[in-house]
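The letters A, B, C and D name the chains in turn, as written, and every chain counts its residues from 1.
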Amino acid sequence: MHEHDVIVVGAGGAGLRAAIAAQEEGADVAIVSKLHPVRSHTGAAEGGINAALREGDSWEQHAYDTMKGSDYLGDAPAIETLCQDSPEEVIQLEHWGLAFSRDDDGRVSQRPFGGMSFPRTTYAGAETGHQLLHTMYEQLVKRGIEVYDEWYVTRLAVSDEEDPEDRTCHGVVAYDIKSGEISAFHARNGVILATGGPGQVFDHTTNAVANTGDGPAMAYRAGVPMEDMEFIQFHPTTLPSTGVLITEGVRGEGGILYNEDGERFMFEYGYANNDGELASRDVVSRAELTEVNEGRGIEDEYVHLDMRHLGEERIIDRLENIVHLSEDFEGVDPLEEPMPVKPGQHYAMGGIETDENGETCISGLYAAGECACASVHGSNRLGGNALPELIVFGKRAGHHAAGRDLGEAKIETGQRGEWEVGEVETPVEPGAVSSGEDVVADGGAAAGSLSGEEYVQRALDAERERVESLLEKDDGVQHAEIRAEVQQTMTQHVNVFREKDGLKEALRDIRKAREKYEDVYVADKSRTFNTDLIHTIETRNILDTAEAITLGALARDEFRGAHWRKEHQERKDDKWLKHTLLSWNDGEPELWYRPVVLEGENKTYEPKVRSY
Amino acid sequence: MAEHYSSFERGGRRWLWQRITAAFLVVVLAFHFFLLHFVHHAADVTFQMSAARMQQWTYYSLMVLFLITATFHGVNGVYNALVNQGIEGTRKTAVKWTLIAASILLIVQGIRTANEWAGIALLPF
Amino acid sequence: MSTQVPEQVEDESSADTETSAAQQARMEKKRQKAEERERQAEEAESAAAGEDTYLLKVFRYDPEVAGKQEPRFDDFHVPYHKGMTVLDALMYARDHYDSSLTFRHSCRQAICGSDALFVNGSQRLGCKTQLSDLEEPVRIEPLPHQEVVKDLVVDMEHFYDQMESVEPYFQTNDLPDGELEEQRQTRENREKIKMSTRCIWCGACMSSCNIAAGDNKYLGPAAINKAYRFTMDEREGEDMKQHRMEILEQEHGVWRCQTQFSCTEVCPKDIPLTEHIQELKREAVKNNLKFW
Amino acid sequence: MSQSYNRGLIEDFGRWKEFSAGMWAWIFHKFTGWVLVGYLFTHIAVLSTALTGQAEYTNTIQTLESLLVVRILEVGLLAVAVFHILNGLRLLLVDLGVGLHAQDKSFYASLALTGAIVVASVPTFVAGVF
């Protein structure tokens, strides 16, 4: 059994920052990650990182913009923490050597970004995330922090009290991908989940193949609620075959969207008054899908983004990397032909419920980064706000887990404080198909009475059994089939457009997929680098995450931020200024709500119409 | 972690000398080839002609320098190539000293020959 | 824009009903076309070597599986679609024909650096290589010069060790005093190190370099480039630069490079590796001249 | 535990068809360099016959020069030397950071030029041996 004070699961921006912080605080920390740190998807972020650094800007303004962008579903304490801490964190990154783009006076450059009232997006060319990830990994090397890379965390070792709020997390169980060995990691102080986004729930996403929602699913099954899962951001211009993102910059420079008939549909069909291609992400995404659904898409799949009229010179000057992206990933030379684009899943606003210190309702269990939901993004994330979230909350979680006192959190977690029971009518039973397997505890008299190591050992035994049984089976269904079915139904019904019947259909499909999963088997029996096994376990996490997203989407009968409902075309502040939460409840998902915290440090945010 | 293979010997000096000798050799080798294959045909070479050239001190010193640089350049090149191939430890030391010995022999032998032509009896062997 | 624009939504739904007749005819046509396409796809799949499939020859090895202990090549016929990359093809083969086919991949957009492979004789990222640019059959092997763990997965430990041996982290003694004050860096200097910061640790360059293959101690192009990134960063200061040069000047540092250029040719991020290495050699010579 | 498979070097050199320009240049330069060192040693050995006596020297040289093989070998030597010189110049430029982007072209140019020079000088070299 490996033993450390703090175990960080995941080595993206959030995980790395958390580990550094925990070490700063004197803890013996280790990172366990299924990918080598520099392979994490944080590297894909291009745009930049928001922080109020300059004269004329202030954290208050940043907080105001973020709250407005969230469509008043973000929690003020979390948003204010983000905006107060990000300047210091961005400067810290600079001091660690991050190669930010520079102004003439040698200071870091900042540029304007959608939804921001001040140009406060600090960036490093079109590769901010890459630079951030590598800079932080360099600091890890410098500090000699231990990394178990290519170790896949499969289960949390959590005690088994009746109420999740009474439970404690003692460690994790992980599978060494290279050797096939299953080991336990005992965490004396705490476990921090930083597993990133769940993009693979959809079949078309800008997220990496490794982004399978492992963290939220594991925490969910251990008793932590998933929060606001229905809020998924879609990006309107991604390449159809890979999901590679084509920046808004193309439309900003004057790129035009055409349908199959060569119509400039943004205007012809009046999708966005006079904004045309420059309308916001969600509006353009919906317009594109409407075109496709009404038969005006190309190959029934995508539309064209044309920039040829800008002229080669201007394109090469301003958008050169787009030319390469399109050629390399889609085989289309945008100087010769229009680029095919369609909306793709991009970011999950929801996730593991945490407070502004990164702690969940289970003591000793933390989450930070895209997998977490301290609720800074509410129903819609503004560009450039995810990267600061990683470092601000990663750091706080790291400090807190290592024992620093960050003061009482203002945000409640778990079923404590103010909350209400929710209800949603589902066509099929959601949750576990067979009871038993997914239950955290045996319950009974022994509840909560084992030592930390014993809980970890128990989780280890359970995991060994699960893996053995997966490998023993000789036939049945393969994960690829189940995964594809879930991804397709999600993309069809829980995408940009959501309507009641479709969402129900998705729940039915997910249920069917869950039943199939009972029969899943792993064809590859090798212990060495068995990705077949890993993907099979991931698929289970995809199922739980997909279901949570769909349940939230079905429950929320309003149109807020990224969540569009056909039958409900307005934001309903009187009813819905609250977070959707789902508790696994040992296999029987329970829906409940908690009011949004709009009281900030010095002021209360009043919901306004979100218009730019 | 941050540990790197250290070495007492830095390659930079030999690297630079390899380039300097190369630059020198370009000129001299071209001259040498030209002189002995095009101006005079190798087939017509006789002791007297060689001797006549060697008796000019400029030619003599150029040739000695040519010999030394070429030997350094060639032998150092061979050594580098072997190190690149990954020889290490005792084998590397052995190769190094063998090469050095061979070079000295070659240079001594070369100078003796040149002296013979030039009629110099400087060296006592 | 606003998220709540009722009029516009009405537009959308009215468009829905108004054009329904034409719409339906159109959708019908689409459906037919789609069916046609589907049929074609199926045909393509069954006709193993049909025109629209690509033949992949993939290296297979598994130390534990009886039939794979002796390395072999497996053939996969993968239906082609426009824009398909080598990685897409591998994923297709894995998901449809053999789930034990093993390779690393994650981002699908040339940023995670996990899928450097040896494709038709050169080191490339699977996700950044269009099938249509390759000759058939497409031969896919694990990176040369590295030990194979399984199928296309190689052991990257040595590469990581080399990368981490050059003190790959920013070090400086004089940070600005003010808490919220950044260090200054000129645009020119940032421009100078820009390309070197783009490395994604894919290992393609190391694998392509003959010298690195023969001399396990050679730092290799990627690690040297990493060191270049810091050596040339003016924010670190002169003392640090000296220190970095010492690391680079060791026998197995920059001097081992024989300017073969393979590294530069294969680098998927277009980093001018040879140029950086050569610049460091000259820098080292300049440095040493002082002591002569 | 997992083990791994080491493919060794043989497989690498079996891939010669896939070598790039820079690699060929390196191989040729290495080869020509070694030939030149080899020649340097033999050359001095031959010349040292002068130490035994004038006649021996003249005699050795002229006998050698009357053999066709030696003449052909000399052409070979010229080719080797010329290529080594030209590519050596290319390498010197590369070391100075000049024209890195045309490194493959300059390699092909060295090859072509070597060929041309060698062909042009064949008459001079074989003159008189027939």
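What we mean here is this: a residue touches a chain if its C-beta (ideal position, glycine included) is under 8 Å from a C-beta of that chain, and two chains touch if they have at least 3 such contacts.
Not measured: the values here are computed from a predicted model.
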Which of the two pairs, A-C or C-D, is linked by more C-beta contacts?
A-C
When the mean CA coordinate of each chain is compared with the mean CA coordinate of the whole protein, which chain is closest?
C
How many Å are there between the centre of chain A and the centre of chain C, using C-alpha atoms for each centre?
24
Inter-chain centre distance, chain A versus chain B - centres from mean C-alpha coordinates, in Å
66
Approximate Å spacing (C-alpha centroids) for the pair chain C, chain D
38
Counting in whole Å, what is the centre-to-centre distance of chain B and chain C, each centre being its mean C-alpha position?
45
Indicate the residues of chain C shared as contacts by at least two other chains.
63-64, 149-150, 164, 167, 214, 258, 281
Among chain B residues, those touching two or more other chains are 1-2
Do you know which chain D residues sit against two or more other chains?
2, 91, 95
Chain D residues touching chain C in their complex are 2-7, 9, 11-12, 15, 17-18, 20-23, 25-26, 91, 94-97, 100, 103-104
In the complex, go through chain B and note every residue touching chain C.
1-7, 9-16, 83-86
Of all residues in chain B, which touch chain D in the complex?
19, 22-23, 25-26, 29-30, 33, 37-38, 41-43, 45-48, 50, 67, 70-71, 74-75, 77-78, 81, 102, 106, 109-110, 112-113, 116-117
Inside the complex, what are the residues of chain C that reach chain D?
61, 63-64, 71, 121-122, 144-145, 147-150, 154-155, 210, 213-214, 258-262, 265, 272, 274-275, 278-279, 281-282
Residues on chain C engaged by chain B in the complex (per definition of touch)
164-167, 211, 214-217, 219, 247, 249-256, 258, 281, 284-285, 287-288
